[in-house]
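Below you'll find the structure I mean.
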Amino acid sequence: MEYAKGRIGRVFTVRIDYGDDLILELIKLAELEHIESAVFVLLGALKEAKFVVGPKENVTPPEPVWFGFDDAHEILGIGNIFLMDGKPKIHLHAGAGRGDNVKLGCLRGESEVFMVVEAFVFELEGFSARRIADEEQGFAPVVFEQVSDLK
Amino acid sequence: MEYAKGRIGRVFTVRIDYGDDLILELIKLAELEHIESAVFVLLGALKEAKFVVGPKENVTPPEPVWFGFDDAHEILGIGNIFLMDGKPKIHLHAGAGRGDNVKLGCLRGESEVFMVVEAFVFELEGFSARRIADEEQGFAPVVFEQVSDLK
Amino acid sequence: MEYAKGRIGRVFTVRIDYGDDLILELIKLAELEHIESAVFVLLGALKEAKFVVGPKENVTPPEPVWFGFDDAHEILGIGNIFLMDGKPKIHLHAGAGRGDNVKLGCLRGESEVFMVVEAFVFELEGFSARRIADEEQGFAPVVFEQVSDLK
């Protein structure tokens, strides 16, 4: 475990509309508002999405198992924003339900909002963090670069 | 995408007890404390609940598919509170699990707490928002009325 | 319903690494940083975990139904930290997905992180709370001891 101590800065209440691409809109928000570190929660619906739903084998680097859907699902999600190579990178886990069918995984790439997604983005201040690719592990862990001296 | 910039105000830690109706208690809290905009997360158990688990067809206005249960499920949820016609309106997505069985959708109407639900309500300040019904779309999107000049 | 009014204090951004035990690391954080009340959200993956997925019967005290897995699942979770008998106690509900398979329940006891879990811990200030065991109900509800006079 490693951690950084900070506080909440600005909070963005975001309405992402029908037909929008969820992750692209979150990146756009981060760029417009110069958000470097944030955690967010969201709820809404998606008509189309792709998820990684676990590794094929329990080894790193993992070979991802993909799952997608192309009819409307209700969703809830928890995610974060950190810079990677100077650009905002979204990490988002979501559950998606339609009728009896539920999926849960790491939402990546293209998606399409159905009706609306409501997201609440909490900017994190008082420390510096970024994602640095680790090819051996097969992902980009968050590395804390400095911690301000909050009491 | 539209968004408002704000900050967190008061935070309410709420214990909702056995037999209580989850959404009614959240509305009661909002009324007692004059909460106009908030995001919340919750965990606990429900003995009874009804969810919308997607639209029948991928069209708006959607014809909702309903799912309900009447035995105790573990839950987690993400939701928000905004005023609609001057009254607090709850929007809550939740996942519910019991044994092998998981459902995920938009929790609406009556429900009954089993044991306890613990909710954390983050009031949002620095902007004004409300839900305005849109009959064509079949729901009430959040509309941001003004944004204070946070830097 | 009972509730306390407070505000957010320190926020901890936590990277829990491969092989770590999720709940033990959260307890370690609470002890190191003297966190008495907090709510957290998390996302990541677990190779191994055990959940309570509902009571056998809809009665209290409940006889828990257990579910476990021992291959990597993607997860998202919502939880809290309160003191019980002077020590930090974690309450965590999580959903876990792998391929077609999703479970949702109360994550307890030993678990093992796969790749990484990213947790965001929001300390709660301005009130005092602790868990007090209630043998009749079969759990330890959060009891609010005092509420500071926030407006």
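Order of writing sets the chain letters: A, B and C. Residues in each chain are counted from 1.
Following the convention adopted for this analysis, a contact is a pair of C-beta atoms (placed from the backbone, for glycine too) under 8 Å apart; a residue touches a chain by one contact, two chains touch by 3 or more.
This structure is a prediction, so every number in the text was calculated from the model and none was measured.
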So with touch defined the way it is at the top, what topology do the chains form here? Options are line, ring, star, complete, other.
complete
Homomeric contact subunit A-subunit C: same or different residue positions, threshold half:
different
How much rotation, in degrees rounded to the nearest 5, is required to superimpose subunit A onto subunit B on the basis of Cα coordinates?
120
Just curious, how far off is subunit C from subunit A if you go by their C-alpha centres, in Å?
21
Where subunit C touches two or more other chains, by residue
8, 41, 77-78, 95, 102, 104, 122
For subunit A, which residues are in contact with subunit B within the complex?
8-18, 20, 25, 28-29, 33, 41-45, 47, 71-78, 95-100, 102, 104, 114-116, 118, 120, 122
Using the touch rule from the top, collect the residues of subunit C that touch subunit B in their complex.
1-8, 37, 39, 41, 51-55, 58, 60, 62, 65, 67, 77-80, 91-95, 102-106, 122, 124, 127, 129, 137-139, 141-142, 144, 150
